[in-house]
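Shown next, in structure tokens, is the structure this report addresses.
Read from first to last, the chains carry the letters A, B, C and D; within each, the first residue is number 1.
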Amino acid sequence: MTVGLEQYIAVSAALFAIGFFGVLRRKNTLVIYMCLELMLNACNLGLIAFSRYHGGMSGSVFVFFTITVAAAEVAVGLAIIVALFRKRQTVQVPDLNALKN
Amino acid sequence: MTVTDFVPVLIQIALAAGLAGAILTGSVLFGQRGSKNKIKNYAYECGIKSDGKTSTRFSVKFYVTAMLFILFDIEVLFLIPWVLVYRDFVANSLPILGPILFFLGVLVVGLFYELKKGALEWEK
Amino acid sequence: MPTDTLNSLGEIAATNTWGAIYPEMILGCLALFLLVLEVVLPKFAHGAIPRIAILGQILLLGYIVVFDPSGCCNGVAFGGMIELSGTGQALRIFFLLASIFVSYLAMVSFENKTLARVEYFAITLVVTGALSLMAMANHFVMLFVALETATVGFYVLVSYFRQNVLSLEAGLKYLIMGALSSAILLFGIVLLYGAASNPALAGSSEDAMNFQNLRAFLEANPTDSLAIIGMLLVISGVAFKIGAFPFQIWIPDVYQGAPVSTTAFLAVSSKAAGFAVLLTLVKTFAPLSSVLVPVLTGIAALTILFGNFAALTQRNLKRLIGLSGVSHAGFLLIGVIAAQAVPQATNWVLFYLFAYLLGSMAVFAVFAHLPKVWDSDLELDDLGDMAKRNGFLGIALAIGIGSLAGIPPLAGFIGKFLIFVAAFKAELYVLLGVGIVGVVISIYYYFGVIKAAFFEVWRFTDEDEEAEAAPALPGATLTGLGKLTIVVAIAGSVVLGFFQGPLGSWLSGQ
Amino acid sequence: MNDSVSLLHFAIAIPLLAAFATLWAGKLGRPAVQIVSVTGFALPTLLAIFAWVSYNPEVAGGYDFVTRHNTGLEAVGISLHLGLNGVALPLFVMAAVVGLAAGLYAAQSKAENLSRYLFCLLVMQSGLMGVFASIDVFFFYFFHELALIPTFVMVGVWGGRERSYAAMKMTIYLTLGAMLSLAGLIALYVKSGAESFDLITLKAHLAAAPLSDTVSTYAFGLLLFGFGILVSLWPLHTWAPLGYGAAPSSAAMLHAGVLKKFGLYGLIQIAVPLIPGGVGQWEGWIIWLALGNVVIVGLVTMAQRDLKQMLGYSSVMHMGYAFLGIAAMSVIGVSGAVIMMVAHGLTVALLFMLSTMIHHRTQTFEMEEMGGLSKKAPVLSAFFVCGMMASIALPGPGLANFWGEFGIFVSLWQFKPWVLCVAATGIIISAIYALRAIARVFFGTESEDFQEVQKEHTVIDMTWAERVPALILIIVLFFIGFFPKTISSSLNDALESEPVYATTEAEQGGSH
């Protein structure tokens, strides 16, 4: 058996799906956040695979930017989560219900 | 690629597992048994019951520093390709110095701001 | 490195017309300058920094409007990264105007709060620059980076009131939703890139994320399933940003929790940027319109209906305005769909956006002056008090709401009217019907706001009694600058209603 | 292209400016408010009368005082195109006169926060002047809405019983009607291929290339039901009595008297001439619904005990005649409808005003609780009797309404005699409720409620401040009644120039 583009894309799609459902299902904010990062990295994998197998660099270049963006998101996101934890002493989504009308 | 390319990985996994298994079984086989009682099975055989969580919380400062580190660490990503093509660009008089200097300038301003705000001071 | 590569790089470098994006450059540098000022200046001088930010933006806006209202040059630049056009220029002006209002609102709502004052304005500047780059993007890399710069900025702006749980929760919700939508968008881009960069297919290209190349590829093979899935994912990602139907869940909570200035920023600028992107993407995906148009039509209809019906039951002011904003997004979507058949519709969407900007800013400016410590818990009942205490704010609210409701002779009416004409020309009869129903429903809750503000109060209060009680609002004091800002917004709404004048002919001429 | 300004611009702009001046004059006190606002109402009236006198029907296209300005949407085919033709002129004058009366009455009324009240009224007035003066269909709609919005505010803020509910219901209904008619107008704009909202351009295009049957069916349907809601066409009329019942008198005068005619005016000037095909397809609907107005609403009117409610219903009822006159599509019928619109505007305004005066004296609108008012207020009762006689179109040359209904009935006779027979019952119905109202309110013995009221404060007759507006309305009513030619001649010329009316006239072999 040979590992080709299809396999990479399958893995990337699988990772993306896992991340997506994780975001929908999980209760712990930090875990949700990890799932989001997982989705971004799934996209990176796809980009690299495509640009490796189809030739052309733009995919690989895009990955640089994606990683940077992901880092920025992590920084800001964790800051918000920490601030919220200090205020509410919890990061469980069901407990964060002040905004229901 | 074919599966054969992955053989070294398999071998490594096998080696690691085997080594770990070997050491454990060795200690069971050749080690001398002491008397089994609860006290002896505690961590540190000093007779004092251990209390408190085994996992200790870190100060949030660690996280802040880690975030800042990531942010500035990522920028290296853009410097590596720059370094690789620098000579060719200069040789063909393509603009390359200006943009990267502007980029670094922004970074430096950020670092300056970060320092002045005391984000890196450990004791406050 | 091979010479032909270097030559092509040289050609690309030749298209780096930095002069063409001077407004964004200036905004970014101004933001850095503000940060430096903060750490350099002594504490007592920090009050000047917001004023410096606003002044700088006003100068920049004035320069653009007076000296190059129609942009320095058209066509693609930066190796196809951005496309300069009249539309881009109009949106540039739009975002600048919006961020001036937003900065002022922030100044107002930061009074009587203990907060870091300065970062807000720096971030606003950066986000504004990012948004107008987003409007000009001609390449998925540019689009994604600009979009994320704006979004990450918004995370901070939404959760800026660190002492207020609502603000933090809104921030977290926006964070998760925003990141999710970005990820979906990104995956869509990946699939499109994978389809369009496939050498085996006709019309593929190495730089497949450039919109022209992508369009060429889609024209070559319009039935590529990978590309279609990718397109749908990208559209969903953008739909998150504009709060269109299945993806509008975050809107009410985030709008309620965020500081009022951020709410205005999200409602106006973020939405407008989303529509700018959508306009570009609809052009790019034109070969797939057999799939795209039905999807967008469904989204638009459901968005209008949902937004209006959900707004009917709201008591909280910011939730109400947020949900009415959802229905406005639906109307704009009608314009975007029509733009495929009717070219002028693009300019009419722009006109609608300008009208929406003025109306919303008037309303949010009134909210910023209402007597509550946290504007998150403003209710309809707080309005009556306001109209009694301060007739000026009352008039401003009436005009702003009227313009949002699309009541003549206000700008919002002209905007809706143009959208309807576009829909008729494009023969979108279903959407037209839904739009009419939506207008009638929306009248109901906008009317409720007016009712809460005036019906009891206006009749039984005396002008002179008002005059002395005018500035006595516990929330924030209404300064001369504040009056000026509000007057600009409402005068804009009224004048654009009667006389569209230069803006009208400029947009029609674009 | 921008022309010089004409008196129409002033007629529209003066009330608007006066409105803001009034708001500002509120700081200076009541007299200032009254002076400024009355000026704002009087000047347009003078301009309108001047236009009436100096109107020249021989001008090309039938439109006099024509000007055109670009407001920035010329690329879309919209421009501020003003002018008056034989149909618009009488309504324009009527709007000005009723506005003046309403303004005079409001200025001396005891409304709280008078300056704001007059502000709304003046904005409404400027919208009304604009509606009948604009040739551009877009601005025709635009000015209508400009006049409509203050109505909601006035009903909601200064209204009487259940004003919130009434204002809400009016707003929803009228917005729906306006939206439908707007859709119809856009349909004309797009489907005619004219790419212009200019009525004259549209006419030219559609005369050259008429709309296809399907298009004309739905376009006319949209306009018919859109306008129909605005004119309170049965069974979409329920907002009207409720709204008028709750509205403050001046607002009711202006809306029932003038603004409501917008829909009929739109049918006469726009819908029928531009989509002659549509009328045929909807003829049955128009006739049956209009008969519903006349008969069913007429019977409902008879059942009313509340004076103001009764007036509201009767105004709804009379709209039915106008619809029938339009359905006949003959010059005589349509001109009759226009004359009736003018006369009805003046009459209903007068009656709403008088009913409020009665309320001031009896402290109630319940006709059961009144009676014998004529002894205390003979002048008031004289005015009221006169107004009632006018509104039921008492045969006789004195009052304008008679000419209107007469023309309509003649045209119906040529058109469909059976419709005439059904519609004629309306005369009896209206005679019954009118006479009964007069008898209950003014004659007979004083009810004990009324005597209770008299114990608290003495009932005085009409003051001069109240008489002046009433006199203005009555004088104009009689003037048109005695000299109907002053409007009908130019009106008929204008209608003759519309092929649709002229041809049907010839077919039905009628003459006038």
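In the analysis below, a residue touches a chain if its C-beta (ideal position, glycine included) is under 8 Å from a C-beta of that chain, and two chains touch if they have at least 3 such contacts.
In this text the structure is predicted, and so the values were computed from the model without any measurement.
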item	value
Which of A-B and A-C has more C-beta contact pairs	A-C
Per-chain CA centroid nearest to the all-protein CA mean	C
Chain A and chain C: spacing of chain centres that average the CA atoms, whole Å	26
Centre-to-centre distance between chain D and chain A (centres being mean Cα positions), rounded to whole Å	65
Centroid spacing, where centroids are CA-atom means, of chain A and chain B in whole angstrom	20
CA centroid of chain B to CA centroid of chain C, Å	41
Residues of chain B engaged with two or more neighbouring chains	none
Residues within chain A bordering two or more other chains	72
Touch relationships between chains, expressed as pairs	A-B, A-C, B-C, C-D
In the complex, chain D residues that touch chain C	26-27, 70-76, 112-113, 115-116, 138, 141-142, 145-146, 149, 152-153, 156-158, 163-164, 167-168, 171-172, 175-176, 179-180, 182-183, 186-187, 189-190
Chain C residues within the chain A interface of the complex	140-141, 144-145, 148, 152, 155-156, 159, 162, 165-166, 168-173, 175-176, 179-180, 182-183, 186-187, 189-191, 193-194, 197-199, 204-209, 252-253, 256-257, 314-316, 319
Chain C contact footprint on chain A (complex, rising order)	9, 12, 16, 19-20, 23, 29, 32-33, 36, 39-40, 42-43, 46-47, 50-51, 54-59, 61-62, 65-66, 69, 72-73, 76-77, 80-81, 83-84, 87-88, 96, 98-99, 101
Contact footprint of chain B on chain A as seen in their complex	1-3, 64, 67-68, 71-72, 74-75, 78-79, 82
Chain A contact footprint on chain B (complex, rising order)	1-3, 60, 63, 67-68, 70-71, 74-75, 77-78, 81
